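In the part that follows, the structures are each spelled out as structure tokens.
The same chain A turns up in both complexes below, where it pairs with chain B and then with chain C.
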Partner chain A sequence: MISAGIDVGSKNIKVVILDGDKIIGKAIQTGSDDQEKSIEETLNSAVKDAKIERSAIEKIATTGIGRKVFKEADYVITDVTAGGRGIFECDNAVRTGIDVGAEESKAIKVNQVGKVTDSAVNEKCAAGSGSFVESMARALGIDMKAFAELALSSDAKIPMNAQCAVFAESEVVSLIAQNTPQKDISKAVHDSIASRVSSMVRRVKLEPRIAIFGGLAYNPGFVSAFKKNLEIEDIFIPEEPLFVSALGAALLAQEKKEG
Partner chain B sequence: MIDNCSAILDEFRTIRKTPETYLKNIDKPIIGYFETYVPEEIIAAANMHPLRISPDNAPITIGNSKIESFACPVSINFLDQLLSGKLSFLQGVIFSRYCDSMRGVADIWQENRGKSFYHFIPYPTIATSESINFLSDELEKLAEHISDYFNTKISEEAITEAIRISNKKRLAVLKFYDLVKKGELLISSSDFFAIVSLATIMDSIEYTEKLERFIDQYEPVSNQNFGSNIKVAVSGIMLESMQFFETMDKVGLRMTVDDLMFGSRAFKGLISKEKAGLYQAIAKRYLNKVPCSVKGNLDLRIDELVNDCRESGTKGVIFYIVTFCDSEEAEYPILKKRLLEKKIPVIAIEGGYRISSTGQLLTRLEAFAEQIGERL
Partner chain C sequence: MIANYGYMDGSGEYYITIDTDKCAECEGKMCIAACPKGLFVPIEDDYGEDVVEIDSGKVKELKYQCMDCKPTEKPPLPCISACTPGALKHSW
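Up next, the complex of A and B:
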């Protein structure tokens, strides 16, 4: 069966097309204010990548914050269930998946068949998500990639106590005013987000193997700080962390029983 | 449901939606209280209407000028309602020693209340013979304060009658819970919440009479649609957002058990006759009831919750944590561990007195439904 999984995230739309369990096409596009149009465009790009006709797709499942927007979806699945299924497919030894997206981070525990058994979400503030790192990089006037890599060259331990992304930005401004090196500020920001995500993850009681996916999995500064915070070296990062939930949705679309 | 029963349910829904309209027709002075530890019997015995104040759905106006915004949002809302004059229809308010935030609200209101009636019950945390004696004395002082302030008399006969009325109400509510638990009364989460929450808002005699009629005349309708109809329990201290329960309905999660301060915990346990007197009897009931997280004895609470879940076939527990409530934050890991030991899945959802992040709430509830249900 050919199925499509569409992850309508708060920043990007990701599509995975599966033929059985084989990925035959995928696409990613930044969302716009016309979400339906953006979904349509991303799906068409994935169809082109898969070299199939759109009509060849038998089932479509949507997930993510905008999962209810696309009217053609056969199934609408939360990103908790889709993410859990997707990361389990990437490595079936994974029992705790940590999805750190643009606006939300979540911990998803799965059992030995990939079914979600527990989950937690950051609820107080965006200080535990990708957009927080982006706004801190902006405050320093550095692009995201360079900002993430800078953290790796610092050994400084500067605590950031802010409970909220807005207050954290004030702390960064104070550090700039004190002529704190950029690499140390970057490290402080990544330590701070790693600490917040770790606290949230501990609420579901960590069980190895642990995996990180979502946009922040590409950020070496975060991954390094996160490993140190949890004191765990073996953290699995899938090849394409952004597509995990879309993959899970595409798989669930095939596995969903009719009726 | 037969017509009469539907009419009663509609009436309950209307009152829940606009309680202020209902309260305008109460022809007695109204005394407000905030926590379940203030005995309504003593207020009723003074021929006054005891009204449990709920968090309203309005944004905070001046409450944050007296308490930091990172304090318990429910407490800030209560203070806001008091300071902004929304509760000026009350003849007074009674606080009890509940949590640190509410203690702060009580102190601030004492300084800002003008001449309106104010009383604070220094409520003990644990139930021992000494603490029962202590609370009994304090309740007597409360009765004297009401009598002096309002120039009225609270007789033993009036307290006895108030106890009888409250006990009768508790029995009716507990019967309602029992029927829902056994699946003999099918009701949506939002209607369940509306009916139970009115027990501490409406006149007790009128409420009991309506609830008893509703129960007597109830007949299940075979085509009643509850979506995927996954039975869950809702636990926590204060959850008063109708939007939360309506979202549960939307997702197909049906509350069959609750463990909320003004839910089942407010009604379990009757006041029995005591040789030592009426105040002793009231003190004993309130100190021995299933406690909130701020009062300790989590074992009793978890045992009750587990039993209720088992009897009702509940598939999971939603634990609602009021943001910045330290007691609930501290309690959750223990409650979760104990429920998981009993193979009962649990999810913690954090929020304020009103739901601000509706998308996230919907996702979390849907994810829980996917986790415990048969949807995927």
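Up next, the complex of A and C:
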């Protein structure tokens, strides 16, 4: 059976096409003010990548913050269920998955069959998400990759007290004005996000194996700060962290039919 | 599933917790009417169970929505009193 999972995130739209349990196509595109059109375009790109006809897709499941936008979906699945199923598929030893996206973070615990047993979400807040890192990198005038790597070269501990990204940005501006080295500012930003996400993750009582997915999984500054904050060494990062929830949605589309 | 909905205000970090296994057993779902802010909405979850969740439009406003009920001199909380299966908890 061929199925498609569409993760309509706050920044990017991700599509995974499965034939059975094999990924045959995928695509990612930044969303726009016309989300339905962007979803169509991303789905068509994935269809092209899979080298199939669109009509070959038997079931489509959507997830993510904009999951209700796409009217052709057969199933609408919450981010928590899709993320849990997806990360379990990537490594079935995972019991705690942490999805750190552009606008929000979630902690998801799954059992030995990939069913979600616990979840934690926080109020939508940029100070615990990827977009905060992006805006801080912009404030320093350096690209995201360089900004993330800079944190690894700093041992400084500069607390950022603001609860809100807007106020946190003003703290960063103050640090710039005080001539604080960029690497120390980068570390302060990543420590701050890691602290917020860790606090939420502790709510579900961590159980190994622990995995991170979503856009911030690509960020070594965040991953390092997160490990230190939770005092853990082994964190699993899937090969393509951005596609985990879309993969979960595509799998659930098949499993719902079978069920 | 234990679903934790968190928020942070000036006094700390808090969670509203819904045990959806217990919630699914409840037919009345009295919490929906009991919450003065209409926080709880009935849904069929991804596993086909009839449960309540926090209205997605209000998840990011919990610190404001729960503010009136939060003072400790006003227990018991209406939502928790109405939840007969004991599925609802607050961390404060």
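In this text, the second predicted complex is superposed on the first by the 255 of 259 C-alpha atoms of A that agree within 3 Å, B and C clash if a C-alpha of one lies under 4 Å from a C-alpha of the other, contacts with A are read in each partner's own complex, and residues count from 1 in each chain.
The definition used in the following text is that contacts are C-beta pairs under 8 Å (C-beta built on N, C-alpha and C of every residue); 3 or more make two chains touch, one makes a residue touch a chain.
Bear in mind the structure is a predicted one, so any value in this text is a computation, not a measurement.
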Superposition on chain A - do chain B and chain C clash or fit: clash
Based on the superposed arrangement, let me know which partner A:D79 touches: chain B (first), chain C (second), both, or neither? first
Please work out whether A:E171 is in contact with chain B alone, chain C alone, both, or neither, and reply first, second, both or neither. neither
Which superposed partner A:M200 touches (first chain B, second chain C, both, neither): second
Per the contact definition in the header, classify A:D191: touching chain B only (first), chain C only (second), both, or neither. neither
Let me test your reading of the model: by the given contact rule, A:D7 touches which partner, first (chain B), second (chain C), both or neither? neither
Chain C clashes with which stretch of chain B: 38-46, 218-226, 254-262 or 272-280? 254-262
Note: overlapping chain A surface for chain B and chain C spans 77-78, 80-81, 115-121, 123-124, 163, 203, 252
Chain A contact footprint on chain C (complex, rising order): 1-8, 13, 15, 45-47, 59-63
So, in the complex, the side of chain B touching chain A is made of residues 70, 323, 333, 345, 347-351, 357, 359-360, 363-364, 366-368, 370-371, 376
List of chain A residues in touch with chain B within their complex: 65, 77-81, 104, 115-121, 123-124, 163, 203, 252, 255-256
Counting only contacts in the complex, chain A reaches chain C at residues 77-78, 80-81, 115-125, 163, 199-200, 203-204, 252
